[in-house]
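Next up, some structures in structure tokens.
In the two complexes below, chain A is the common chain; its partner is chain B in one and chain C in the other.
Take a look at the complex of A and B:
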């Protein structure tokens, strides 16, 4: 199979005048409103998909701001209480020599979420404007974003496990900071945002010249 | 590019605003609303920021150090920075909105740190949690203020505390212990704060607080005194050390008492004086407040040592002043000669005189002048028997020579004197001490020391130490004696003696003395028979018999036995000497030696010899016994002879002399026979007695 995007012969289902049910994959003639097999509503293109993407993307971004400003983890020992933000904690780890762990935290909590925001924004923009990236590249990007989204929750897992394990009463305790809630919300909303994206639209722009909106 | 016609198509078709926009936009709007709401609320809840200036910021950390009121956090430090001139630290504290209105001009702030003082440990919790700022303000909303000056120490008064606030001032010349408790009957009822020296430097004053529940103890007549330290006094009841408590001993303390009742309550801000001790405090109640002293001059003819500056001046035993200065004076004009006199200047406290009306120096001088006119005189008196110190007494002297107290502006009034009454007790004491001094204590001690030295020398003398060695040597000698050949030879000699005795006995046996005796008696019997035949031969026969009997009697058997007994006794005595008995340690050895000797003796056949000797002895004794067995027969025979003789004599009935002689001869024979019989019995009963002598 040739590399996608370099093959001009790719024809979308829409161009063939058919539409597939997104739930059971049954192909119907274009214009069918309800899947005759599973009863799911059938649309060839979800017109409000982009709005949902942008709305949820915005909420995710809003949540990402306090997630970085507030402390993620509150470490209380006998003598002191230490609160660390995500980036601050990673920098501190780096000062202590644990560069590897600091990098993992930075990648999982900073690089990937920001990358997701950028990727979703790029995809959403690229369906309405022409892009230099080929359809295939964007499809892969979308799949990567969808796949990687759940792994952003690893930070929340670490906080949850730490705070449930390290509870030594007066000696030491680890409690989740306020940022953990916002971080979880941010991840959830970006995942929802990525899901809301109707990936079929990727193909329309490419073939837009050939009368995409027929 | 090709979108334009489509847009034209679409816009009119989707006129509805809500159908054009997805419902999902509600979510970001909601999030935004929540975020704004939270932001506004947190901004709204923020209290004002106040600034507190501290000398230093030890332990204060941004966003960690609390501001506490009654130990509850009501704010947190937001910022710590220096003042512009770097002379102090400005701590910005974000107050809680609820208490912010109460933080007004009356508020005070200080830093609570762990403190270790003589009265205990405080702020221990701050060791772990770090310091905090404590604030104190009243419960009334006052004028707003945002900049405060922090205190360096925990303040004595806290505006949220009740209590009586007073000030304590030292008496002239007195001292004060600050930062100490005020005790009443040993209970802490208040505290003295930091003391300050007055501007003139003539007294120290400290603020003090009496806790609310004890304020009724304080009246205007309450007197305070210093309870710190301890007093040590030697009096009639012996030495006495007195202190009120260990806490006051270490950190000082002030106590008080209200000696007289009445007086009502005390207002905040009253000033009390702190007296040196309880007596001074008590006295102060009855004394009017002291005024300026008056000076008097006294000249004593006798120049008596012992009057010192500050010596008391007493009137009827009450101290009314003291000696200001003492100096000699030579004034031929005034006294008529050039003798040196004692000139003392007295300062009299008019308040102590107990004047009825207003207390002024003038009134006091007038009073004294009147009294001098009535005979008041000054004299020297003994103040202390032990130290020989003197005081000046003002006494009433009857029939005193007239004198006046000259009162003038320029001169010091001269108080007339009378004879000194320096107690002889002083001299007596001196005498006693002199006598004590003269006691030959040193000699006694020297003697004792010498005695002890001699005793020590004696005890440590080599000879004395060697005494046990001498004793040991003595024992050695004794042992040597016991083991000496001589002693060992004793049994041998004994053996020889016994052998000889045996020989003797054997000879005795050989001699067959008894047989001969029997034969002699037989012969006598035959002679008696002959007598019965011829009466004439009787006296000669009797004489012969008598001689024989005497011969038999004179045999030295008993003497021999006696000598033998003594010999054995001496041997016994040697063995049982005191020396041997008193030295048991070596006696064992000696006995062992003896034992060894005996063993040797046994080995050497001595025992055998002794046995043989004893056997011989027994044989001899047996022989004697057998011979003595014959004795009764002999006696019988003799009796028969005598009977015959008797009969013959009775038959012939003539010659009474012969008859008497024959009778006495026969009695002698009978005695001899008895002696033989007793010897025989003795030997028979105890043959070994011949050897042992008993």
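Take a look at the complex of A and C:
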């Protein structure tokens, strides 16, 4: 059923009584604190990992609320001043017929961040209590979260390009709104939260290594 | 099974993602060592990878500097026009607290990618020339690896595409020379990252120091 079950001969460094550097994968005796090769700090399991994950996760979530309530972009033309939130701007684009672009914005700024909050919460919960998802599924989920998290920055870059480019004096001007700051902070904190997660814990619980639980 | 194994520690390799232990078997050129449990790629040696990476890195340094200075995009609407460089785009957030955002954006799309390729050249050049590692090479490579998720040139490129479509019904957009440089740059940054076998770099930094 699980991949680990197919390879009963695979043992973890913790079971073997050694620790490994997660940066350069060099193996050291248990109790080593700093990697002699690359200088990275070594711990067999990062016991405080989950605390940091949850703290950063919460800050990220708190920043995500104002990011959606404040305007992201202020467009000033000869006739009008328009302020758009993230979702409002995407709906506006859809009315103009740019459905593809609206979808990119919605996926990058709404689906990915919310999915990320849920996925990190699920992973953090799944290592402290038994989960029905297999180790392998959770590892893939973790890798997807780590890979895709950066792509939420797309909307910040769009705002940066538009507000520097569209500065045509009285004719039209685009300026960044307050939401851009909160949105960038939200992305940064959730990236840090995902990085704080020690993925080795995924493989501990179901391989029966009770001591590895936090 | 778990105790009294006389295998020397430098003959072991541990998957950084799932902590599985393996005895070290160096894969041949074109092969890859993959973790049996979580499928993380552990070692991917490439022939002449060092030289390729240095060449690509030099090209990236030149392109980043050029792409930052030259005009990137120009828009025209009803007689008025405006052209900006990438640095202008990064520094668009210039009101009050948004300064923080301007500095972050500039770092993510210009300075972090630039720092990473320069660190790569610094670390790899002595290795390729069979010299002892440069001073602080381990710290340099560690910093370069830590900066890896924060290098967002390719995301900025997609952001450009989205912004162009949004602007195109408002005004005419023309590409400056920097736009094409940046397009080439994104491909090179991604290629540079994929050529690099981290384990091989760490291993050569290690060997040259102890011998």
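In this section, the second predicted complex is superposed on the first by the 195 of 214 C-alpha atoms of A that agree within 3 Å, B and C clash if a C-alpha of one lies under 4 Å from a C-alpha of the other, contacts with A are read in each partner's own complex, and residues count from 1 in each chain.
We adopt the following convention: a residue touches a chain if its C-beta (ideal position, glycine included) is under 8 Å from a C-beta of that chain, and two chains touch if they have at least 3 such contacts.
Because the structure is predicted, anything quoted here is derived from the model rather than measured.
**Student:** Determine, for the superposed arrangement built on chain A, whether chain B and chain C clash or fit.
**Tutor:** fit
**Student:** Quick one: classify A:79 as touching chain B (first), chain C (second), both or neither.
**Tutor:** After superposition on chain A, A:79 lies in contact with chain B alone.
**Student:** For A:195 in the superposed arrangement: first (chain B), second (chain C), both or neither?
**Tutor:** A:195: touches chain C, not chain B.
**Student:** Figure out whether A:51 sits in contact with chain B (first) or chain C (second), or with both, or with neither.
**Tutor:** first
**Student:** Could you figure out whether chain B or chain C reaches more residues of chain A?
**Tutor:** Higher number of touched chain A residues: C.
**Student:** Report for A:112: first if it touches chain B alone, second if chain C alone, otherwise both or neither.
**Tutor:** neither
**Student:** Between chain B (first) and chain C (second), which, if any, makes contact with A:20: first, second, both or neither?
**Tutor:** The answer is second: A:20 touches chain C but not chain B.
**Student:** Angle chain B-chain A-chain C between C-alpha centres, in steps of 10 degrees?
**Tutor:** Angle at the centre of chain A: 80 degrees.
**Student:** Between chain B (first) and chain C (second), which does A:171 come into contact with in this model arrangement: first, second, both, or neither?
**Tutor:** In the superposed model, A:171 contacts chain C only, not chain B.
**Student:** Measuring by CA atoms in the overlay, how small does the chain B-chain C distance get, in Å?
**Tutor:** Minimum over all C-alpha pairs: 13 Å.
**Student:** Looking at the complex, which residues from chain C come into contact with chain A?
**Tutor:** Residue positions touching the partner: 1-3, 5, 9-10, 12-21, 36-39, 42, 73, 75, 77-78, 80-82, 84, 88-93, 95, 97-98, 100-101, 104-105, 108-109, 138-139, 141-142, 145, 149, 152, 155-156, 158-160, 162-163, 165-167, 169-171, 173, 198-199, 202, 205-206.
**Student:** For the complex, give me every residue of chain A touching chain C.
**Tutor:** So the residues of chain A in touch with chain C come to 3-4, 7, 10-18, 20-29, 37-40, 93, 96, 98, 101, 104-105, 135-136, 139, 143, 146, 149-151, 153-169, 171-172, 175-176, 180-181, 184, 188, 191, 195, 199-200, 202-204.
**Student:** Please name which positions on chain B make contact with chain A in the complex.
**Tutor:** Counting only chain B, the residues touching chain A are 2, 6, 21-22, 24-25, 27-28, 31-32, 35, 64, 128.
**Student:** Enumerate the contact residues on chain A facing chain B in the complex.
**Tutor:** 48, 51-52, 55-56, 58-59, 62-63, 66, 78-79, 81, 189, 196, 208-209, 213
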